[in-house]
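Mind having a look at this structure? Questions to follow.
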Amino acid sequence: MDVVNVFDYERLAAAKLAPSAWDYYQSGADDEVTLGANRAAFARIWLRPRFMRDVGQIEMATTVLGTPVSMPILVAPTALHGLAHPDGECATAPAVGAEGTLMIVSDSASRCMEDIAAVATGPLWYQLYAADRETTEAHVRRATEAGYRAIVLTVDAPRWGRKERALRSDFDQPPQVIYGNYASTETKRAIMPLTWEVFDWLRTLTPVPFLLKGILTAEDAELAVAHGAAGIVVSNHGGRQLDSAIPSIVALPEIVAAVGDRCAVYMDGGIRRGTDVLKALALGAQAVLVGRPILWGLAAAGPAGVQSVLALLRDEFAQALALAGCATLADITPALLRMGF
Amino acid sequence: MDVVNVFDYERLAAAKLAPSAWDYYQSGADDEVTLGANRAAFARIWLRPRFMRDVGQIEMATTVLGTPVSMPILVAPTALHGLAHPDGECATAPAVGAEGTLMIVSDSASRCMEDIAAVATGPLWYQLYAADRETTEAHVRRATEAGYRAIVLTVDAPRWGRKERALRSDFDQPPQVIYGNYASTETKRAIMPLTWEVFDWLRTLTPVPFLLKGILTAEDAELAVAHGAAGIVVSNHGGRQLDSAIPSIVALPEIVAAVGDRCAVYMDGGIRRGTDVLKALALGAQAVLVGRPILWGLAAAGPAGVQSVLALLRDEFAQALALAGCATLADITPALLRMGF
Amino acid sequence: MDVVNVFDYERLAAAKLAPSAWDYYQSGADDEVTLGANRAAFARIWLRPRFMRDVGQIEMATTVLGTPVSMPILVAPTALHGLAHPDGECATAPAVGAEGTLMIVSDSASRCMEDIAAVATGPLWYQLYAADRETTEAHVRRATEAGYRAIVLTVDAPRWGRKERALRSDFDQPPQVIYGNYASTETKRAIMPLTWEVFDWLRTLTPVPFLLKGILTAEDAELAVAHGAAGIVVSNHGGRQLDSAIPSIVALPEIVAAVGDRCAVYMDGGIRRGTDVLKALALGAQAVLVGRPILWGLAAAGPAGVQSVLALLRDEFAQALALAGCATLADITPALLRMGF
Amino acid sequence: MDVVNVFDYERLAAAKLAPSAWDYYQSGADDEVTLGANRAAFARIWLRPRFMRDVGQIEMATTVLGTPVSMPILVAPTALHGLAHPDGECATAPAVGAEGTLMIVSDSASRCMEDIAAVATGPLWYQLYAADRETTEAHVRRATEAGYRAIVLTVDAPRWGRKERALRSDFDQPPQVIYGNYASTETKRAIMPLTWEVFDWLRTLTPVPFLLKGILTAEDAELAVAHGAAGIVVSNHGGRQLDSAIPSIVALPEIVAAVGDRCAVYMDGGIRRGTDVLKALALGAQAVLVGRPILWGLAAAGPAGVQSVLALLRDEFAQALALAGCATLADITPALLRMGF
């Protein structure tokens, strides 16, 4: 058996991608402390499985901001799928839809959001960066127009993180891989200072709900709720922004405690196994986002690879639920966990 | 000196077994986090030995559910001994009896329970999986008939764990190695949802006592007592079911605290040294079960290897008792331990 | 891209320096436990970044004992720059000034303090060892005369630490590299017992303020304040004196708590990244000192290397501030941190 | 510089000794968990040095049970010096005396206690094992007669630990290396159960004071005091008896707290550096014992090697005292330490 888990796609992608594209995808900021810790933190959380429950039928369908999805595993926004596949996000999106879940399209996609929406077969959210004011406003309006059901505003990138591994391998965007949502690379580079006032203004531009992605503290989570965010994505940008930022799964509980049921809480960072999903949900996340594994699947085997990655995670999550005694997501509670040992 | 401890049998077995059989025996689920942690957790428990006590005579004979055994080290149920020896469990059972201890025969044995009982020279318990209703009932009745003194119902396998190492080496059961208790592989594959109601029903089928194997929480231990279990085996199935399940030795104390003397508590998972046995008993287990080392002994040297493994563990346990100042099992108390440092 | 961080200068310096000079610079005392722990301790401190703040303009200029500096990153005193560059500290000082920050000139400099002051383009402090009474007094008076704005008295060297790595490579000072402030190596070797009385006397010799470098406990910090120290440098001498001395960043909080705003607190030991600076300031340091990286830059590329190292650290610190939501140093608070996990 | 610390003698001894002798000296019991932990535990204890104290003159002479020694570093009893040097303990003893400290002669010495006493130039204690009753009594009387100033009764060896490394290398005592205190190897092998009653009886045989070596718990320390022990040696026999016994330095504080000033407390296990000695004394030991390093010195360079090892440790301890701000042993307090981080 050649492919038994998502790490196999990592291996296959490494062999297929151009080295500089590989480094661009894989790298974290600086010493990659947070990148490693995102993953290592899961290994310190033990599961306390319950037994003698009827788990013959596992039900993991749920909704995210009212949108039904087949499982609480969503596709995180990641940049430039064009490095992994000639059709870029237009290859990814239908594959995600085929698995019944939601894709958060990156503002830094290599295809424009309208093209992606046109081929998508499942629900889409649009991840937004703060570019210059006009561009940002245009992106919000275009995303609304194109049917994206929510805007996921990334808050953790007032500057770009320094991905040293990528710098060393001289990552140079191939000419045919462009930022599909931007008129030019120059426009892409401009960053408007993002503040709560900007967020208040952005919310006036569209009726679709906003999520804030990158929140890592209870303090900011409180502010997010106060400013009308419909959801929070606890994230450190896959370890690509502030190195030694707290691992997402470690930050999650204080944010869940802070917001209660006042807004939805999702998380990303280091999800590679079904048991990781279970742990995140037991700590209060309503769903998780998966980033790099989707790129691995896309690079290794195109849309079929994306589907396979999602299917592997779904199967593993079903397995984890069954073996932990949970027939439905409602059976997941904090008592499933024991920290450290 | 070639063989000084059970790890030597591990090495010898690795050289003797077919690679795919080796992988099947050794593997744990997924990333084998729990497999490794079962063992690593023992290294964090320090012994506080007592001295100036007469330990010239060590007494370790005890009883398990009323059955006398030469030591509090039992043989855990493990599948398909036929991979290690042509006579399978019929080679193992007499060797275990010769060492004066008890064997828990696996429902997945390669020989049928009646044949094993016929050659056994010591007490036997029967480990039961929930197959389809008729098969399960038949197994309980057959085990009772064949003289098995208890039924050890495995609760942690509503699905089979994914042993990726075995999947990669394409474990394929050799045709001559069959599931001896089952009419066919198809029957073997059916799993009846196991619930407390099923357990209540199973108990009506036989006068022999039931133990529940795989319990990892105080909550389930409470339920086990409430539903009439005579004993609990704290276990994560040797790390082969839910990966990142809590290590057995870490779960043990909360279960001992929960059940008090209302039922017997045993444990398995990572027992490789006499000091491991001492630690488990100091944390409240009444006996431990040893799994893979028995297979190593059987593969390396047949029944003599099984006896040798058990003799090594007995000698090491006697040594540990003596050096810790315990002449009898009654001298073992929680004060012998100090956690972490 | 060849140089992306200060570790690249470490690599380049290793290739350029004479092996015994390299060992002399790099070595710590004994087993180098403290040397390693200085660095490892930072990896256990997580950042809790804040977002949606206007960090378009980062302001990191500050003052140290009233002297303006471009950033809270100062140059630690390190010995014998002549091993790294023919002009020794006279190469380093102008480069430090060009980056707008302050250099603490080592009493063990290979050039005399007057020559260094003559070429310096930024503020200087003089690091003082207790030699014999006359020499020490002369150094204080000469430093005052030469315009050094503070005296940094090293308290942690009543004896020289045993740098075994350097001993093994038979570090032998090349004849052209001398202790520029001393008449002879003999004078350099004499050490006057340093006590609080000696400190009281030293303060009478000059109007310039004194800092005490090497303090690692709240108790000594209290005494430092009581005896009129204007500042403390929390330091274990880069792990070169007492091995297994507490890492500087671990000692810092108790000292900050003890002195409050009664004197300035700086720290050195293991600062290699902008995020390290941020962590030290969040724990209460008003600035940090950087030692070995300056030597790496000097050895690898002369004054331009020194500037490059300082520029790298400034850029990284600006990046860390921005990504953590701090536009100014005043925005740095203990709430930015979470210890361990 | 070839030899800078005691680990250099370890390296030199490894090259000089017969492999089986090397394994015999170096090995610990079973998995050598305690052997390693004895050492690793020191690395988790941080020093909080104090400064600005006059440490120009370091005074480390002290007394042990009234006997003056040049430093609180004694020589632990270790067996069969004849494996390392043709003169065995008769080579070691004068070297120890030349360094002004005390040697605890092993009951398992390769030379008889009278011969060793005859050549010794410093104070001696006699380490006693419980052999058969007559032999044991004879040893006590002979040791008293020969002028040994105390009897150090080893309590942790009701059985011999299993040193697997030595078993594997088939350690076979060379015919010329004998147990000098025993009439025959048979006599040596007999072990009398050692109890508090035996201890009470032993005390009646001699006016010299008794120490108990191997105590690892406050409970046994209390009993030791109650039964008239003049001192305790906190020890796990260099990791050679009960594997996973608590590291000596970790056990030390509870024993110091239990006995207060009612009896002397010494410790051994993992002392390799002057800072280790300082840590042990800060935790309440009045002196430490050094075992294997003495054998390394003896094997590498004969009596001169023994002296060199002791001189290295003395110099390192003086260095540690000076750099921690302690001019005398009375300046050592628990406040010098900070555990973990």
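Letters A, B, C and D name the chains as they come in the text, with residue numbers starting at 1 for each one.
One rule holds in what follows: a contact is a pair of C-beta atoms (placed from the backbone, for glycine too) under 8 Å apart; a residue touches a chain by one contact, two chains touch by 3 or more.
Quick caveat: nothing in here was measured; it's all calculated off a predicted structure.
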Touching chain B and also chain C, the following chains: A, D
Steps needed, at fewest, to go from chain A to chain D via touching chains: 2
Distance-maximising chain from chain C - centres being C-alpha averages: B
Classification of the chain A:chain B interface as same or different, half of numbers criterion: different
Where chain A and chain C are represented by their mean Cα positions, the distance between them in whole Å: 42
For chain D, residues that touch 2 or more chains besides their own: none
Chains that touch, pairwise: A-B, A-C, B-D, C-D
Complex interface listing, chain C residues touching chain D: 30-31, 33, 37, 41, 44, 155-156, 158-159, 161-162, 164, 167-168, 170, 193-196, 198-199, 212, 214-217, 219-220, 223, 241-247, 250-251
Footprint of chain B on chain A - complex, ascending: 1, 4-5, 42-43, 45-56, 273, 275, 279, 316, 319-320, 322-324, 335, 338, 341
